[in-house]
Every structure is written in structure tokens, then in C-alpha cells.
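The two complexes that follow have chain A in common; it is paired with chain B in the first and with chain C in the second.
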Partner chain A sequence: MILGMTTKQTVERAIGMGALVLVAIGPALFDDYWLGFILTQTFLIGIAAASLIFLSAYGGMVSLAQVALYGIAGFTLGNMVTTEGKGLHLGWDPWLGVVLAIAITTFIGFVLGAVASRSAGIYFLMITLTYAVIANYFFGQVTVVSGFSGISGIDLRAPGFVGADEESPVRLYYVALVVAVLVYLLIRFVLRTPFGLSLQGVRDEPVRMASLGYTVPMHRTLAFTFAAFIASLAGVLYVWWNGQIDPATIGLQGTIDLLIVAVIGGLGRIEGAWLGAFVFIVINNYVRDSWLTRFLDDVGIGGSFNTIIGVIFLVIVIVSPDGLMGAWGRFTGVFRRRGGGTEPPSEAAVEGIGRT
Partner chain B sequence: MTLHRPLQIASRVAVFGGIAFVLLYVLVIADPSPEVGGNWRTTNFGSALDDWQSFTRTLLNGLTFAGLLFIVASGFSLIFGLMRVVNMAHGSFYLLGGYVAYEVQQEMTGEGFSIASIEVSTWEWVLPALVAAVTIGIVGLLVQQVFLRWNQGQELRQAMITIAISVIIADQIIAHFNDGIAASMTWPGWTDRLIELPLLGIDYSLTRLLVLFLGVAVGVALWAWLYRTRTGMVIRAGVDDRQMTSALGINIQLVFALAFVIGSVLAAFGGVVGASQGAVASGQDGQWLLNSLVVVIIGGMGSLLGAAAGSLLYGLVFSFSAVYLPTTGDNCCTQYSIIVTFVLLALVLAFRPQGLFGRAG
Partner chain C sequence: MKGTMRRWKLLLPLAVIAAIAATMAAGSLAAPANEVRIAIMTDCKGAFGFGYEPDIGGAQAALAKYAGGKAKNAKKPSAGMTGIKVAGKDVRIVGYGCGDDTAATALKETRRLMEQLRADVMIGPLSGDEAVAVANYAKGKPTKTFIIGTAGSQDPTLQIAPKNVFRYHGDGAQWNAGIGEIAYKRLGWRNAAIMMDDYSFGWTSAAGIIADFCAIGGKITKRVFPPLNTTDYATYVQQLPSPDNVDGYFWVVGGTGTSASLKAFEQTYGRIDPKKHIGNLFFAFLGADKTVAPKVVGSYIGGFGTGPGLKTTQAKAYEASVAKVYPGLNGGNYADGFVYNYYNAAWAFVQGLTKAGGQLSKLQASLPRTLRSGYEVSDGGYVRLDRNRQAIQDQYPLQIVKSGDSIATSIVGYVPNVDQTFSGLFKKSSPPPGRSQPPCKKQKLSWQGKIKVVRNGVITNQVIK
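And then the complex of A and B:
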């Protein structure tokens, strides 16, 4: 046991480091499909989910705009770097494109956050949902920047270290992994800064924080801006990985899917983002056309992956609203009580969406 | 207010100036399209002075769309106002209602994919609408009793639960109703014609006027129910103070269930009207959830008057921006009409976060 840590923390560190070592030597262990499809996607979807969980766990705001924001980053990058096809195809330098895509998305996040920051809870959820749907319509309707069929060939214009050859899936795998780890560390760091601490104060006691002289809307706006920055990283990785982005990617379905990812993982802890992404993607790949969907057809219920994931989502929200990470927390809590210890102070907002 | 006084005045001036400019633009500034070229004043029909009939038609289109918006959004608003439940499955209820009515009408008329309106009697439209309303009312009751009754007050959790239900319903619709392909109801034969409007001097579709009429009828019925009956009084008391109402010995759970059923029925009825006016298709659930959200965010949560005002504003802005934005080039600017909706929303949120007729807090 490391000094100053509980058994639970030690166990979690061990699991986390083990998983990290495992994926770090990933190319030696997994086949191309797992490496290039499932794990790379887990890393980048996890980053987007982490931005959602950060807002929910530490800002008390469940945002449905994260997919829209990563879409904005993807579309911006696509418009700037591609040389032909749909969109503006400006053909700029890939690096310039990346920097601008992230900067523009972060700025848009600031503006959207400023508008939404005066509301919280359920109102915030609704306003960010309208952002999501409006972004989807915008890219669908405005043919100058995208139009219905979207922008393709973005992977061909990725910077050299990702490249576009047969080795690039492995390189992108490592890029996504490194970015995911950095995002995780960055969020942990931000939470310990004075801003992060006062943000958690705003989450729990907005009125009290306001009377102490903190600007509540400004904290919410900045948190949303930071989350938009993280989501934009996921968006850039997504278009390098997928090569193509269209309005359907950031439609309601995608928005809900990211929420499901975050809820499966757990809205209370950042780690849940990658756990949820992994579980969602594996279910998505292996339950489609499996014995389960055939069974549903046989008993006359019918439906596809979405019915199954919808039921899983429903069960998690009902049984364990703080997701798998919350279930893990309760499991270890039971373990500890048996050992005669006392319940530790709750980790920040583990109660998550169970809170009223 | 967080804004300082001069800044506040300046922003007020900017907003009201902007609104005045938009009104002037539509009424007098806009020009009809010339043979070639065009500038910022060029629109499809020019201003109201240039083409009075197109203006009237656009206005009526906006009003009739507002009628449909109101039918759907008032149900959403009723449920939210009383129970603080954001029913994310409201769009799914809309879609399900449309499909159920479509199936029943197909069954009744015994026709294939499309039915000539001349062969549809009033009864063959009303019965499918009733079946859809009752079916979705029962679905709504089940959802409320099984999934929403035991976790009252946990707003986000309830929203998540209804999101999960909407995911399941969307997939089940594809599995069981017409593969989720667009399906149209047919209006009764006698409504399918143009009528000449007195004074305005234009021909206008009777079915569109019927939609407007239905919207107004739903509004009047809801008003009478909420403000002229005992149940309505209890519901309004529940909106104001849930605990006090139930402390007075009123069975608030019964009222909740009733309001949820009525809200669901309104979504379904909206779906029937929407399916008759255009079509229902898989994917529209999200669109109608958004429409309901925009209307109640603009108008104010849980207010009947707010739902009406929000529907009107949204309907008119939607209809006018599609026609009266400048058309100076191939790609400009009517495709940006979606942004106008967003500007409307952002303005309301910035100046009245609780909505036009919502109460603060």
C-alpha cells in the first residue's frame, strides 16, 4: 500500500497502470481490427466522453453539445486542409488546420457556454440539446461548408506523423492513446487549480459561491470552454481516423450515443469515459447480428443494436445511475464495510445524476 | 443584472433596432429578384409591398405551422410544468402516434401505399386519430407509472430514462412500422381543396387552415380545462406548489398520471396531424423533440400562453426566414435560415432566460 492511499485507490491505480501497459504494447497483442478499429475508437470517443463527464461531475452540467463541438472541430479541419471535394477545400497546411480547428471550436464553445451558462440542470441539458440539433442542421443545410454528404479525404491530409500509409493505423493508435492520457492528466490537473476547486464549489452551492464573490456564470462558461477544447481534440482525431465526417455523424443519434457512453462508464468519474467507450464499442461490434438480435427477432420483439443498447442504458440509469464506475465504488464500499472500516467521504459527485 | 446600465441600454437598443430592421426589411426594404445579379435587398418575392399575396401566404404558412407546433409543444409544456419531467420521448410519442394512425387508416380503407383523398371519409380520419391518441395515452401512462413515478424530483435521471425509452421506441418503430420509411396519412376528401380567402384575395389550402383550426381548438380546450374546471384548478395548484397541494388532501399522483396521459395524447395527435399534412418518417422524433424544446424555451416552461407565443414566434420566424432571406448568389442566403432560429433562441436566453412567459426561478 502506497503511503497515504486507501486500499481502493491502490487497487484502482494497479488496474489503471495494468490497462495502460496492456494498451501501450497493444500492437504486439491485438489484431488489426482490434487495434485500428475498436481500441483507437475507444481512445477518441473516450476523450469526447471525458469532456461530457468533466462537465457533469465537476460542473454539475450534463451537456449534449459535446458531439456537436467535436463535429465542429472535424468540419473546420476538413474545410481547411482538404484540397478538393465538398466544403471550402482551402488546402491549408495540416498543422495550421489543426491549430485553427481547435482554436475555433474552443471559441465557439466559449460563446455557446456564455449563452447556456445562466441555466443549470435540466435547462442546461435542453439548451445544449438544441445546440446539438442546430449544429447538425447547419452542416446539413449550408452547402458552402459541408452539405448533406459531408467532407471526405481528411485522413489524406493529416500531418506527417500520422501519415496516410499502411503503417498509419498503428501511429494513429499511439497518437490517440497519448492524447487520451494527456487529456486525463490535464483534467486531473485542472481540478486541483483554484479554478477547478471553485468550479466544484459552484456545482454544489451556486448561491453561496455567488455571495462569496465568485462569478457563477463565468465559471460555468469557462468550464464549458475547456470541455469544448477537449471535445475538439476528439474531433480532430476522429476525422484523421475516419477520414470523413458528415452531418449524420453529429446528429441526434451520435449525441445520444455519447451520452450513453458516458452514462455506462459513469457520470461521476473521468475514468468512466474510456470504460464506457470500450463497453459501448464492443457491444456495438459484437451484439449486432449476434444470437441476441436473432433471439429478439424470434420472439417477435425485433429491432437491432439500438433496442439492446437502449435497454442496457435504461437498466443502468435505473439500477446504477452513476454507471459502472459507481457500481464499482459501491462494490468496494461493501467490501470495506465487511472489513469493519468506515465509509470514506464521497468522491466528488459520485452521486452524479442520482442527485436531485 | 450582471450588465452595467449603459451596456444594458445599448444591448436593448441593438435588439429592438434589429427587430425593427427585420420587420422593415420584410415589409418595404426587400426587392424582388431581377433578371441577373442582385444585392442584399434581393429576396424571392421582394417585400410585402411588392408581392402582397406571397407575403400573406408566407404569413399563413407560418401560422399553420405554429398551430401544429402548439399541439405538440403544449403537451410537452404541460408535463414539464406540473411534474418537472422533461419528456425526451415526446418526439417518439409524436412519431408513434403518426405511424399507429397510418396503419389504422390503411387497414380501414384497405388501400395500398397511398390513398386518394377522395376515397377517405371523415370517419376514416377521425377513428385512426382516436386509436392513435388512446394507444399513446396508454403508452404514456405505462411510462409514467413504471419509470417516472418512483424517482420524482430527480430531474436529470428522469430525462435520461426518457432518452433511453426514446432510443428503444425509435428502433422498435423501424422494426414494426413500415420499416421506418416515410408514411402519409390522408385527410378526409372534403378538406382537400383550395378555398378563396375573402379580403385577402388568395387561394389557400383548406387542410392547412384545418391545422390552424385544430391548433386553436386544442389551445381553447386546454385553456378551458386548466382554468374553468376543478381538475384544472388542481393542476395549476400543483404547478405552483406540489407539496402544499398534496398536503390539502388532493391525490397529486392521480393528477400527475392524468397530465402525463394528456401530454402524450397531444404528442400523438400532433403526430396524426403532421402525418396528414406531410409524412412521418423515422428520424423525425428528434426533430419534433427539438421543435417542442425550442417552443417552450422561447415561450417559457409550463405556461400555456408561453407555448402559444413560442409556437407563433418559432412558426413565423421559420416560415419567413426560409423565404425572406436575401438571395444574392447561388449559395446565399436562404440556406442559413437555421441560424435565424438559433439567433431567436439565443436572444431569448440572453435577455429572458426563463422564457417570454416563464416565471423566474
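And then the complex of A and C:
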């Protein structure tokens, strides 16, 4: 049997549709914890990771600012809609809060993107790391808008159809699912537009694109702005889901966690965002109370479940440096070779321009 | 060979996924109907990570004494406990929460314990911001019961105050009751400055000092609030008035900041005069007995709701019951709030479940409104809960003293029946403690003028003058 590219795409679409059907009837299959905690979190963290992967895979920019951006959206929403506690608690209409949170985050993304747009590689990484640190300190130390304690009770001020997560996990589950699907489709759409195509040109040959008349920094700035918009959606969902946000949420640990999610899923393909988020969340939740952790603890050599989690992630990255999506690519590649097919094109060719 | 490597690389991710699935399956086994599931939430990372074993040990010592629990390892409480039985029902500790002093992690861990591991009752969390997050979470889980471990923020039982949250110890403000009056009467302070960590526990702890000092007529002339985890306090010390312009300084700076801030003060104004500096519990508890206390021998400090060295039968019985199960827990310092408050929380749970006949639906109504806890003296030795399910508790201001070659704390006063509202100053409708809350205001406190002198651990009839 030969699995050519078309067949591979068909299989992928079948798997994708199967997964979509599975999560669409999720409330009939999973308990409240899986719905309200594992899967809802997977959708929203996946959206944030998708913004990172979009920049990395199609803009050639690995950003460490995505968690800061979704934090900005979360803090903005929290300040605007809550009526008591820490922060400004302006008590504005939830919908107005959502629109402003997304708009402000997107604008900040534009400004930050403009500043970072002339940098590349390690320098871009460092600039975005700086953004993350600034955001963390800003919200930690400016107690008027948050302070170290953060803002609580945001879920209680979510729009009516969302409701507080504790009372109606299914509603938020579907909201997060729909937003995740829309984000995925939107990214796919953008990649097919002239902007998306030229962005990939900027990624591969910035000098050549500049000589052709394209404004490379503007393309990068707009890509960063678009990613900030996506991250802001994750931020809004996050505070609806968690009810609370504090500077620790957007600290260095959170920043690294999102990068791990993207790396596990695979920095080459958008789908990897949700796959990585799912694996990351499941491992983080279940290894804690596993027999392995207990066994190592009992015999006095584990002591830390973090070590076990770290080893699992290390194994995944060593075995498949391009993440689980990369492992999938090699898996289908084996079938192609067994069937007498030619060596598959490089991952970049498959996942990059070739996909659009 | 290359083919084998490729197959290995394909199989390994599958093996990892299979292992995760097996782990999940093992972790989600159905709970027997005839058991009550509890969880203990504390910190294992961050500034208070060292509280992990003392907290768990405190709670489990009570479960051993009052519910027949057997410690798996007398030197390591987190190894677990078996055989806990209350009102004919097995009580199972389904997990321990590992916080890091942040609200975000506390919430994540609480959800893991209550939703994934399906605990019915949680004892914890450990710190102020964590308790605020947990109290907000508890609002949406009315059937679950939360007994706060040892958190000092005011909000969980005053501004938020869900009906399923109980606290059998004082908040950070209550712990400092009496210290302002001691500064005013014993040290003659009239004007003082205060340096406080810029977050909820810092504000709450400072609120107790400010309220107590101002109530008797003192004035706070300057409030300085360095951000949490500041390492260089020079600029904040510069904001304080010089020693010539103020009678003394109150310090509410925790973690590594306590030493660092005092050092910055020394560098600016010279050697520290213990009579001009008063601290909160951060001067002598949570590891500060080795690092901070030696620098400020002679200073008065606020307490932790406990009476280290108090010579009462009740106090000795409490200490003996912890020592019996976990000898040497917390370095043998059982009068630490980490051990004591978790102990009382677990004990209250046992009493409540017993009264409820093992029925969880009746637990919240059955949790005791009075608790005969170790260091309580007032009202026949019973801590009382107010209508927000918050303890009205005796407090013990302390002094750092030299005891032979080592440094210790000595109780100087007994402050009876300290309530969370500070005789009406703090209300549900008032803003929670903050940079400018509460304002400095002279008022009558129920314990004002009634603080009794304590000598060598014995409460005398003499009041502090």
C-alpha cells in the first residue's frame, strides 16, 4: 500500500474529524473533571500555543511573549469587569470588557511587534523574553491593576451564556472548543492569503523578499499582531475558566510551559498546539498521583514528581525533536518507504509553503 | 541497524502514551461508597516549601490521636497514614497539594485534589494569597468543605466568606494584636514607620499592627511597601524617616527579605537597636529563628496564634500528642503555626464528621463552633468561631531572647479573645487591608488595657502598663 501525500492528508483529515466528533460529544463521554479541567484547558492552552507555533512555523519567529500577551488580556478583562477585590474593579459590562481586552492586547502586540520586528533568531527570542519579564513585573508590582495577589472572581462576571465555570463547565467547554476550531480555521485561512504567503517568503528569504519590494519588518509586525490577537482569545478564555489571574500565571514558569507545549506538539504544524497541550496537561495531572511516583517515593529515590515529568518530556524531545507531529510525519513516512515510495520531502517543505 | 533505530523511535512515543494511559487508569479507580475522602493542601515549593512536612504532620497527628490513624513513616508525614476511621467510616487521604505560595498554583492544585482525586474535604492551604483563591473557588463548590490550614489573609473569611470555608486560627492581623499597645506602653513609642511586603499577607499583617498601635494613640508617620521578593532594600529604607524623626519601626517583610531589609537599614543608619524595631512573625518563625532573630535579640514581635513555652496542661497535651506520632517534627517546634493550625483544622474535621454521624451532607453544619485547642486560655480554653466561621483566638506577643547559646522567643503578653474585625474596624463592606488600609485611627479595642503579663510561660494577673 502506498501512502502518498493525498492519502496522508485524507488520513489526517479523517483523524482530525474523528477527534472533533469525539470532543463534540464530549459531555456524553467524559466526566466533569475531564470536561472542565483537562479538555477545556487543552483547548485554551492550545490556542495560546497555536499563536506561538504560527509565528514560529510561518514567520520564523520563536516568541516567548505569548503568555505575557494572554496575561495582558486576562488582567485587562479582570480589571474591567470585576466589582470588588484587587485591581481597578470597574464593574463594566462583560462584553465590553472582552472587546476592550482583545483590542488592547492586539494593539500592545502591534507595538511590541514593531519594536521586535527588525530582530531575528536569538535576539528576537531575548526581546520577547524581556516582554514576558516586564509584563510579569508590571502586574506584580503595580498594585493598582493587580499586585502579587492577582485578580479573583473574574469567572463570576463572565457573559451570561458562558456562566461561571464551576456552575456550567459544559458551556465553557463548548465555548473554548468553538473558539479553538475557529482559531485553527482562521490561521489556515490567513496562511492562504497573499499576506500569509509573503510571510512565509519573509521567513525563508527575508533579503530576497525585501529586494522584491516587500516591507519585511511590517510583515513581521503584522504577524506578531495577529498572534497577539489569538493569544488574547486564550487569555479571555483562561480567566473565564480559572476565575483568577496573578503575575505567577505569566511568570517565567508559565512562559516555559507554553514553549514546552509547542515543542512537544511540534513547532512545525498548527495542529501540534492542541496535541502538545493535551499531552502536557495529562502528564502534569496524572503523573503526580501515579504508582510510579509513589513507588519511587517509597523507595526513597524519586522524591519529586517534577523530575519524572521532566524525564518524560526529555524522552519525547530526544526521540522526536520536531515533536509529536514530527513523529507522526515519520510514521507515515515509513509506510511510504515500505510501499516503495521515494524519500519524503523535508518537514519544512511539507509543513511550510507546501501546505498553503 | 538504522531500521531498528527508526522502529525504536516510533515505538517509544507509543510506549510513553501507553504508560500515561495506564497511569490515568490507575489514578481514576472508583472510590468505595463507604469512605470519606480528604486532601491536605500545603506548599512544597516556593518561600514556604519547608512547611510541607510540618503541615501534613500537624494534620495527621490529630488524625492519629482522634481518629486512630497510623503513620506510615514517623519521620516523613507525607509517606501517608492508614487506618483513619470516624463515625464508622473510613477516611482516606487522597492526596497532598503542592503549592508554591502563588494563587495560580494553589488553584490548580486545589482543582486536582477536589475534582481529579475527588476529595470531599480539604485541609489547607498554607498562605494568604492561596487562601483567597481557594475561598473564591469554594464559592462554586458548596458541597465541598474547606478548612484553612494556616493562611493569614483577611479576605477568605471576611470579604469573601463562603459558607463552606472554616478557619480555626487567627488571620495575620489577629496574630499581631497587642504588639502596638506594647510598643506604646513598654517602649514609649508615639510615632512609628512601617515597612510591609506589598501583597495580601503583608498588608493584613501590617493592618493588625497599625490598628493596634493607632487604637491606643500611636501615629504611623510613613508606610513603605517594597514588592515581594525584593533583594535590594536600600531605596525602600531611604523612604523611611531617620531614627531621629521617629520612635521606632515596624517590620512586615518576609522570606529572604527580612534579613536583606534589616541589613539595608544597618548600612544606612548603623547598628540596629532592638528597642527601636518590632517585627511580625517573620522575625522569629519560618526559619527566621536562625537567620533574623540573632540580629534583633531583645525586640518584641507579633505572634503566630501560638504560645511557645506556655505552661498550661492543655498546651502540654497538644505538644505531647504531636511528639507521639511524629517525634522531632519541625525540629521539635510544635508551637509553630504550621504544625498547630493544621492540627486544629484536622481535629475540627474529626469532631464535625463524628457529630454528623459520618454523613458528609451534614458536615458543614456539624463542624464545631468551639475548639479546645492547645494554646487557648479564654472561655475555658475554647477557640470560638464567629458568624463568618473565623476563629476568635487568644494571641501571644513575643520577645526575642537569648537562651543559653541559642536564640528563642519568650511570651510577654496574653491578649484574650482577638476577633477578626478588631472590634468593628474591619468589616465585610470595608476595603480589605492594603497600602493605605486601614487608616490610622484611635479607637477602643476589646483587649485594650487587658493584656496580661506572661512570665516564664505563666500568665499573671498583672496587665501590661
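The rule is short, and it goes like this: the second predicted complex is superposed on the first by the 311 of 356 C-alpha atoms of A that agree within 3 Å, B and C clash if a C-alpha of one lies under 4 Å from a C-alpha of the other, contacts with A are read in each partner's own complex, and residues count from 1 in each chain.
As a working rule, a residue touches a chain if its C-beta (ideal position, glycine included) is under 8 Å from a C-beta of that chain, and two chains touch if they have at least 3 such contacts.
Bear in mind that the values here come from a model prediction, so they are computed numbers and not experimental data.
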{"item": "Chain B versus chain C as contact partner of A:Gly109, first or second or both or neither", "value": "neither"}
{"item": "Which of chain B and chain C A:Asn285 touches, first, second, both or neither", "value": "second"}
{"item": "Touching partner for A:Phe37 - first (chain B), second (chain C), both, neither", "value": "second"}
{"item": "Chain B versus chain C as contact partner of A:Thr143, first or second or both or neither", "value": "both"}
{"item": "Partner chain in contact with A:Gly268 - chain B first, chain C second, else both or neither", "value": "neither"}
{"item": "Chain B versus chain C as contact partner of A:Val133, first or second or both or neither", "value": "first"}
{"item": "First (chain B), second (chain C), both or neither touched by A:Gly276", "value": "neither"}
{"item": "Chain A residues contacted in one complex by chain B, in the other by chain C", "value": "141, 143"}
{"item": "Interface residues, chain A side, partner chain C - complex", "value": "32-33, 36-37, 84-85, 140-141, 143, 147-150, 152-153, 155-156, 164-167, 242-246, 248-249, 254, 279, 282-283, 285-292, 297-298, 312, 315-316, 319-320, 324, 327, 330-331, 334"}
{"item": "Residue ranges of chain A touching chain B (in the complex, touch as defined)", "value": "62, 115-116, 118-119, 121-123, 125-127, 129-130, 133-134, 137-138, 141-144, 217, 251-253, 256, 259-260, 263, 301-304, 306-307, 309-311, 313-314, 317-318, 321, 353-356"}
{"item": "Of chain C, residues touching chain A in the complex", "value": "6, 9-10, 12-13, 16-17, 20, 23-24, 26-27, 79, 95, 98, 100, 102-105, 107, 111-112, 115-118, 128-129, 132-133, 136-137, 139-141, 155, 159, 198-200, 225, 227-228, 432, 434-435"}
{"item": "Chain A-facing residues of chain B, complex", "value": "2, 84, 86, 147, 153-157, 159-161, 163-168, 170-172, 174-176, 286-287, 289-290, 293-294, 297, 301, 331, 335-339, 341-342, 345-346, 349-350, 353"}
